[in-house]
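Listed next: structures, encoded as structure tokens.
Both complexes shown next keep chain A, but they swap its partner, so chain B is in the first and chain C is in the second.
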Partner chain A sequence: MANIAAQRIKREFKEVIKSEEVAKCAIKLELVDNNYTELKGEIAGPPDTPYEGGNFVLEIKVPETYPFNPPKVRFITKIWHPNISSVTGAICLDILKDQWAAAMTLRTVLLSLQALLSAAEPDDPQDAVVARQYKENLDMFKLTARHWTNAYAGGPSVNSECDDKIKRLVDMGIEEHQARVALSSYNWDLERATEQLFS
Partner chain B sequence: MEEMAASQENDSEMDCSDNEDCYDYNDYYNDEDSDVEHIDLLKIDPEYFEYKCLSEEEIERLLNETVEDLSNRLRISLSLAKVLLHSHYWNSNEVIVKYEENPQQTLISSRIDPPVPPRNIIFTPTHMTCPVCVTLHHVDRFFYLSCAHMFCKDCWTMHFEVQVNQGISTAISCMARDCVVLAPEDFVLKHLQHKTSIREKYQHFTFQDYVKSHPELRFCPGPNCSVIVHSNEIKAKRVVCDQCKTIFCFRCGCDYHAPTDCQVIKKWLTKCADDSETANYISAHTKDCPKCHICIEKNGGCNHMQCYNCKHDFCWMCLGDWKSHGSEYYECSRYRENPNIAHESVHAQAREALKKYLHYYERWENHSKSLKLEEQTLGKLRARINEKVMSGLGTWIDWQYLFTAANLLAKCRYTLQYTYPFAYYMDAGPRKELFEYQQAQLEAEIENLSWKIERAETTDRGDLENQMDIAEKRRTTLLKDFLDV
Partner chain C sequence: MASPSPSTSHDINEPRDGGDTQNTKDEEKKDENLLECNICLDTAKDAVVSLCGHLFCWPCLHQWLETRPNRQVCPVCKAAISKEKVVPLYGRGSTKQEDPRDKVPPRPAGQRTEPEPGNNFSGFGFGDSGFHMSFGIGAFPFGFFTSTFNFGEPRPNVATHGTPMYMEEQFLSKVFLWLAMIFIAWLLFA
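After this line comes the complex of A and B, so read on.
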């Protein structure tokens, strides 16, 4: 079985390398080890989304039973998205679970993930905090997601106010990421974030 | 005691199977005979239920007959008939009506055919690449379902192996992206030809799926029991497994619960599980004697208590004088609602609701405990009888009536226990009053019976048998009036 997995990954790897998406720098695939069991994927944040301009790195683990079972994929780059855990990078996407079909490929997975970044499904959340913000305050969500894209995925800087607030907390001795999570979770309310961090 | 109860149950079950033996589906006259008999039996025994405990082989035969019959009537393959039956809960008539009305739509909705018919397959090349293993194979090695998605033989085999190992059987779909077509049994088995253990697993899982989707079949819930119960009546009636003697409800497979129905008992049990902490705290295991206030632990099933200290007779449930329970009106099973509750505060209403629940819960729990304690009483009884037989005081047969009495008591108390959730969810009104009256009558007779059994050696046999008769009559009367299945 492992034989088919390796054979398939080799082939898919070539397919992705030659694909037009790679040419447009939209997706990327790299080998991590030589026996084709682990790969590193990369997707560009889709245009007209808070993720635009960022590059998101993915960990792809190929099970022995691939392609009869789906690959295990998670975000390594930290991201603010209702269907992706802001803590672990775990993804909630049907094709990575029961809707997987053996005829799907890593290319379809990467493109589906890119599509997920353009169209979140807050009713089927992975991260409850993010999903609530998305549903209750879409503008706040977009601001936060863009900020995270800038901080972790190399996206453009947009709002210096956010950076200032983080700096205030860092000056108080809080670790930067922890400060960012607290502020993001409390709609950038410095007072409430501080309260939560020091309680 | 359970063993005894079961053997007695078994006797009555044998009566029905005798009756079933003359029930021949093909014989018109016998059929009618049995119908008449059936109605009569229901009049005598509201819990009467015709069912059969069958083995896996027998059920397989039964399912296969249904499949063959449908396949002949619609002139379709056996495999197709099976999928159609499974997706329609084994209702042949429904399949026939739907299929004759619109065969194409029926095949699509049963996921046998794709929603959009595939393009014609043209085999021009001699070789092609399988999209799953990306290997070039001769076209001979390719197979496909009605959706025409082609994959090589080895990949189909691997796909089925992986799915079966994950416990999936009747719901294995095609390997193509977004394709909903299911792989029928013959297609799967053909590809698992050389994989004996996987093949067996697959057949085991499909069989389980078939039985679970068939409303006339129910797996016996007993541990490690392989019996499957079959009945043409899909009702919440009592089943006693021939093999392991487990007693359960045919419709929901849980503990038998007459006169309460399946939904209500589920609601009640969930409620009890949620509230058990409070309820347990309030209903302690010991109570003080209402007269001399000595602490009493209940060590028998009977609720008619006699204080060992002052010899005061009282009721364990309401702590009232037993005299008012025995001969006159037995009412401690009835919950008295506060008539002015609508005008009280929300807080008082909540307290009242808890009080009401506790009233029923305490009685439910108490009878359940009594059942267990009476089981112990039976053990002691058995030891005492053993002693008597050994010392030449009669034979085992002479004392048999005591066991019959104990079994009857268990049966009656069991029903009594399940009358409490029924009453809890009942709307107030004359029907509830009638129910609670009958419940009180039953409870009084059960306590009398329990009292007499615990003092069996000093109770006259005729008296005891009379009491048994009264208790069982009360039980059947209540069930006849309120068991609604």
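After this line comes the complex of A and C, so read on.
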């Protein structure tokens, strides 16, 4: 029974390669090792969201009990989203946990994650800081998410104000990512971010 | 995702030379896809179908049900399913159970119900209106209360105003009401 996982991934892999989403560059799937236990996924940020224009890379680990248990998926590309940890990339999505069903495939998982990017669920957060910002200051959240998409996922939207603030912290000897996290968490308030970093 | 798939439009525009053999091949392929197990994505072996109409290999579905004993849902549409409510599919000549599977219990057997007889016997009334029974627990006089407080239970219609039946019913209900009141009084004062 152990090779049912490998057999199925092989079939799914072929299915994804032929699918029209790949043709439209919406999703991508690559093998990492030859025994079909680890794959690399990629999804395009959906249009009309702060993630538009970005490409988000995912780590997909297929358990031996697949498809009876869900694959383990995590964002490798850093992303600012209420249901995705900005630190580890861990995802809070029901179908990757208790709502998994054996007929779901890697293709449907990738499409579900893309849907998650356009419809966040702040009441069931993975990253509490991001979720609070989403609920309290949606514009600030969108600005931050767009900035992160530009910084980590190759998004086109450049926000020079954010970049300037980060540069000032970097000049003070702070590592760039750390500076970005601090500023993002404090709604781009340079003073409070500095305070937190040096306290 | 609702957009029409580009492949379909492409097929229509395809040049027609030698198209017939191509078409039969495509159809064969489609048929194969239709008979794929929704779990292993291979052609279904020991095929069973759920009441919601989804096809699986019995070993695959069995393992899925074993993985989540508390949440037995269809892997495709998440309808409630169970081992008992699965229908095996027997193709022609596949009735002999060749491999006694060791790990997996045998496929549940098909259930066969006799066809419904014609409408000849519907006059007796049981089939149409349903058959109702009720239980009363307790000593004799409490029987009145249970029957009095059985709301929502279908009962015969009240006889029409003025008929002797109506008078009789009224009289009976008064008698029982008095009986009940006397009984309560006895309970209170005795």
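Criterion: the second predicted complex is superposed on the first by the 199 of 199 C-alpha atoms of A that agree within 3 Å, B and C clash if a C-alpha of one lies under 4 Å from a C-alpha of the other, contacts with A are read in each partner's own complex, and residues count from 1 in each chain.
The rule is simple: a residue touches a chain if its C-beta (ideal position, glycine included) is under 8 Å from a C-beta of that chain, and two chains touch if they have at least 3 such contacts.
These numbers were taken from a predicted model, which means no experiment stands behind them.
Engineer: Which partner chains sit in contact with A:R11 here, chain B, chain C, both or neither? Use first/second/both/neither.
Structural biologist: both
Engineer: Pick one for A:E20: touches chain B only (first), chain C only (second), both, or neither.
Structural biologist: In the superposed model, A:E20 contacts chain C only, not chain B.
Engineer: Under the stated touch criterion, name the partner, chain B or chain C, that contacts more residues in chain A.
Structural biologist: Comparing chain B with chain C, the partner touching more chain A residues is C.
Engineer: With both complexes superposed on chain A, which partner does A:D139 reach: first (chain B), second (chain C), both or neither?
Structural biologist: neither
Engineer: Between chain B and chain C, whom does A:E191 touch in the aligned arrangement: first, second, both, or neither?
Structural biologist: It touches nothing on chain B or chain C.
Engineer: If you stack the two complexes on chain A, which partner ends up touching A:D48: first (chain B), second (chain C), both, or neither?
Structural biologist: Touch partners of A:D48: none, neither chain B nor chain C.
Engineer: Let me test your reading of the model: by the given contact rule, A:T108 touches which partner, first (chain B), second (chain C), both or neither?
Structural biologist: First partner only, chain B.
Engineer: On the A-aligned overlay, A:N69 touches which partner chain: chain B = first, chain C = second, or both, or neither?
Structural biologist: both
Engineer: Identify the partner contact of A:D171: answer first if only chain B is touched, second if only chain C is, both if each is, neither if none is.
Structural biologist: The answer is neither, since A:D171 touches no partner chain.
Engineer: What residues on chain A does chain C touch that chain B touches too?
Structural biologist: On chain A, the overlap between the chain B and chain C contacts is residues 1, 4, 7-8, 11, 65, 67-69, 101-104.
Engineer: Quick one: which bits of chain A touch chain B in the complex? Just the residue numbers, please.
Structural biologist: 1, 4, 7-8, 11, 65, 67-69, 101-104, 108
Engineer: Mind listing the chain A positions that touch chain C in their complex?
Structural biologist: Spelled out, the residues of chain A in touch with chain C are 1, 4, 7-8, 11-12, 20, 23, 65, 67-69, 98, 101-104, 111.
Engineer: With touch defined as at the start, can you tell me which chain C residues reach chain A in the complex?
Structural biologist: 1, 5-7, 38-42, 54, 60, 63-64, 67, 71, 73-76, 78
Engineer: Could you pull out which chain B residues touch chain A in their complex?
Structural biologist: 131-135, 149, 151, 155, 158-159, 161-163, 173-179
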